[in-house]
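Below is one structure. I have some questions about it.
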């Protein structure tokens, strides 16, 4: 383990924060305490936390409807995130976006997008912009295993390759697109194999191992910043929740669930740092994070609704 | 040469008919005798004639704006084609389509489509339909080298592979997408290489050699009819005209033009059949074809315009 | 024989009944059965989803994966494939999961489904049905709540249908499947559970014939899909105040039953159109313009439109509620017309 | 200082002048320079196309391939990339070669360009310009002749601009580029060669301000883009018959200058709207509905719309000519209004 102790603690903190936040979201959903489609990220923590802390200020990324984990991995404050889940005035988007459209550009998070593969052209364009403007920033685009069939997916990789944009395409391959199993819909050997015709370097990695993700991301970022163009990372992972809360997941074999639960990214992290960091220390962080989550939701619940006048604001930016 | 003499004569007749028809179209365009964008097929004859005579009754194909050659290779009568170029009532589409939208389903020609890659999903669906209906038909989809960047291209190959549709994707790689050279825009080694992730068998062939095209098509058709799913053929070819008539083609190096002119499909055909068919016989067919073309255009010129009342017909099919 | 069914189940029944008698019909879409690739896990013939809203529930069990086809997430691919399949003799019914996703397949509808017949001189037709889900009020945010009726209605060659009751849903779906043209069939997500008396046997409702949801003599209110019900609520309030509203549900937007609307306005002299869509170049403007031309002589007061604002649809519950027209706004619009008449 | 320029050249000048002072601007599109990958063949800095209609001609020579970027044929890719680039500080101006191709990139405009600012609580803006080419009359057939103004105007978050003169084209283009919002800039292919006096120096024309192309007191005719000129032709004929038409060019459809239209109708009492688009859920219905509500009291006769029919656009020259509204139809519409007034 070559990482500094404080980095390890930081990775753990972000991962456990995602898990505890989503635990709460699942309860809220089960109790019908919040509206809308809620897509939880539990199980996939190692991907967000392997990727996102490595972005610099000025870098950017696009996310999907399954974005809480991405927001938390970027240290977007939990109360604003909880507020957005409810649609409260304290939400990061003042409640206008909701759970599927969390965004905070101050943290590089262009935003959560509800259209499958819809964010990829935009992340690609951000990278194009960096290159044009002479900045050494990179962008990242998260997408799922189901997104590779979209025309937008193809056109993004195509554009990125043509103009050698420093964008990193991060596939969270959790084996399911809604209720559809990957072996049904994927024509290729793997998603990383699909990058070949574009000449985009691609790797398939263990997405339950935050260190493996981080290594792949470091390589991709290095490539991007040094003018080497786009990369694709296929992180094999698993979502514990349904497509959204309420999905009964009849399509998942029990054995598969058990196997992946044994790969739990938090568990794997504990194993890796065994002997370096005391379990009690990790537990203490967990407890502290749980308190944070409670406070965040308390704040959100107490927060006012946006004023109805906000319905018609923010449609157009004012002329300079 | 294992092909029967009459087949050879037939191939020659269709190829020279395309060339002579397009010669006339070029003159018409130069003299401003017909309206609209006119995309000629000269130089690419071996592709259409290698592919299309092999389709059976009940098979179908989609074409592009550059479709005269495809229509002629299917033996669609020249007068209806010439009429369509003018927009006359005797046109195959009664003048409503025009040069870019030639169609005659009685000949399996679903039609010419003006949207790059727009026909691919439709040809794929026709093949899907054949399979569902238990027919052993196949479909084909023509597209250019520029079309591979479209989302629709990707989604078509993807769908065809997923459902193992008996569709043959025929790329007419003439090195240019409008004025843009293939080495600028293509990320892959070749277009045939782009089929790999879909698991679609693909070949790159000499598209100036009608026999090479025919061989590849025979193999693809055999695959399709026997349940082996889709295929892709990349035929390397060259268009002698501009993107459309009037394009001054400043982007083509003279050397390149000369080289490809030496590969002329008619010339190549003559070389191949040298010793089997007398040059004089081929010349005689050429002359006869020229007379046919003259008659077809005479008919078209003499034909009436569609009645203005036709403006509002054919929008909706009547209820049964 | 009629029973009570909700819209979801009425649509399901229409699909089932027609599939039973016409083997050319296949259903295609994302997770319309569900569990594709996992038939080892699901008990034989069980669909684990049956569509996000359950409209295609249990059809897999009866018809199998050949006819209830889960696709990849590739709307251009499968909408285009449906067009192609229809050209060789099939009758595909495809689902675009949310109307908001129109942009991912719009070219296939705009330039192909809608135009092939015309461009090709009347020789072909494209008998497909595109089912899609409209509407706000589900807390689904800006990209899963739009209606977008006008984006389809503008396009010659498409037919556009949007039922507001279960009885209409079944009859219109059967008409849609049997229609030889491309039909966009719009289902409102907040109406799926609405009950109505629905005949058991198959029946069709012709396109281009509006339904008069309530008769009245004082004002005509045209409701667009879910807004039919909001208009009926408003009509009750108005009735208490002595104003009898006639509420019209056009049911199909292309073709539009112009005569029923014009006839009603001739009787009432007043027109209010209610739609949750954005206001610009919309169905309300379409209907208003119709009447401002052909029904002008009957009009006694300004034509009022009650619509969503020119803003994306917000997630936040109070904002979304404010986005959607409510009965009060309709009542106020009607009242303004009566005040106008007396000034 | 003004000189005579046509619309094509006025647009070219606007792009050039703004690119000279703002290095954040890049142009992107298919063959907007031309000859990409063949710079060995073309004399240094020569574009062999400069766009299909030559609007971007010679800009390559001045700005190079870094700023005049030929893309692959992938509208979703490059429109989306423009959105992303705008978010990190660029000002992309992209070309969708024909408005008909909207379907290949519509999702990026509908759900992203138009909505990001709103969904994300006002923190971002998307300063892109999407140039595209509209209109019939070029014998370009059903898939290269549409206008489709309403498909953009319906969408909150987009601005929609469509100049009908060279002076407006230049001033509106400069406003479009400087606007912090996504602007759809629609250029009519049959107007490119139309001359006008155009100031040499850069200038802007604000959005939402209509141009009164002709003053008149008897009837208001609103012309949509090219139809402004057809309306002016009709106005001449009408003038000979003693009817003075006021002809209004809204210039921008979103935002729309409601006041100028309402003010004119207040004066004239009659409204005719002329548009070559398909009639349903269109700009004419939008404008008619506006006046049938807010201008009702001024109206002396039915609002008439002169539009293309509800059919795809035919290729055949006489059919296409019949598709496009002509001055006679406008005159007839106005006459019908005067006859109405006297019955």
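A, B, C and D label the chains in the order they appear, each numbered from 1.
FYI, contacts are C-beta pairs under 8 Å (C-beta built on N, C-alpha and C of every residue); 3 or more make two chains touch, one makes a residue touch a chain.
Note that the structure is a prediction, hence the values are computed from the model and not measured.
Undergrad: Using C-alpha centroids, which chain lies at the maximum separation from chain D?
TA: Computed centres place A farthest from chain D.
Undergrad: Roughly how far is chain A from chain B, going centre to centre by Cα mean, in whole Å?
TA: That pair's centroid distance is 46 Å.
Undergrad: Quick one: report the Å distance separating chain B from chain D, using the average Cα coordinate of each chain.
TA: Centre separation, chain B to chain D: 35 Å.
Undergrad: Averaged over CA atoms, how far is the centre of chain B from the centre of chain C? Could you give it in whole Å?
TA: Roughly 40 Å separates the two chain centres.
Undergrad: At least two partner chains per residue is the criterion; list those residues in chain C.
TA: Within chain C, the residues that touch at least two other chains are 72, 74, 76-77, 100-101, 103-104, 107-108, 111, 118-119, 141-143, 156-157, 309-312, 314-315.
Undergrad: Where in chain A do residues touch two or more other chains at once?
TA: Within chain A, residues 91, 94-97, 101, 113-115, 149-152, 155, 158, 162, 185, 315 contact more than one other chain.
Undergrad: Line, ring, star, complete or other: which describes how these chains touch one another?
TA: Graph shape here is complete: every pair of chains touches.
Undergrad: Per the contact definition, I'd like the list of chain A residues that touch chain B in the complex.
TA: My answer: residues 149-155, 158, 161-162, 185, 187-188, 193-194, 196-199.
Undergrad: What residues of chain A sit close enough to touch chain D in their complex?
TA: Within the complex, chain A contacts chain D at residues 60, 91-97, 101, 103-106, 110-111, 113-115, 118, 120-130, 132-133, 135, 137, 139, 151-152, 155-156, 158-159, 162-163, 165, 313-320.
Undergrad: So in the complex, which bits of chain D are touching chain C?
TA: 100-111, 114-115, 118-119, 141-143, 148-151, 153-157, 254, 256, 277-278, 280-286, 288-294, 296-297, 299, 301-305, 309-312, 314-315, 340
Undergrad: Once bound in the complex, which stretches of chain A touch chain C?
TA: These residues of chain A touch chain C: 35-37, 87-88, 91, 94-101, 113-117, 146-147, 149-152, 177-185, 248-253, 305-306, 308, 310-312, 315.
Undergrad: Taking the complex as given, what residues does chain C use to touch chain B?
TA: So the residues of chain C in touch with chain B come to 24, 26, 66, 69, 71-72, 74-90, 92, 107-108, 111-112, 116-125, 127, 156-157, 159, 178-181.
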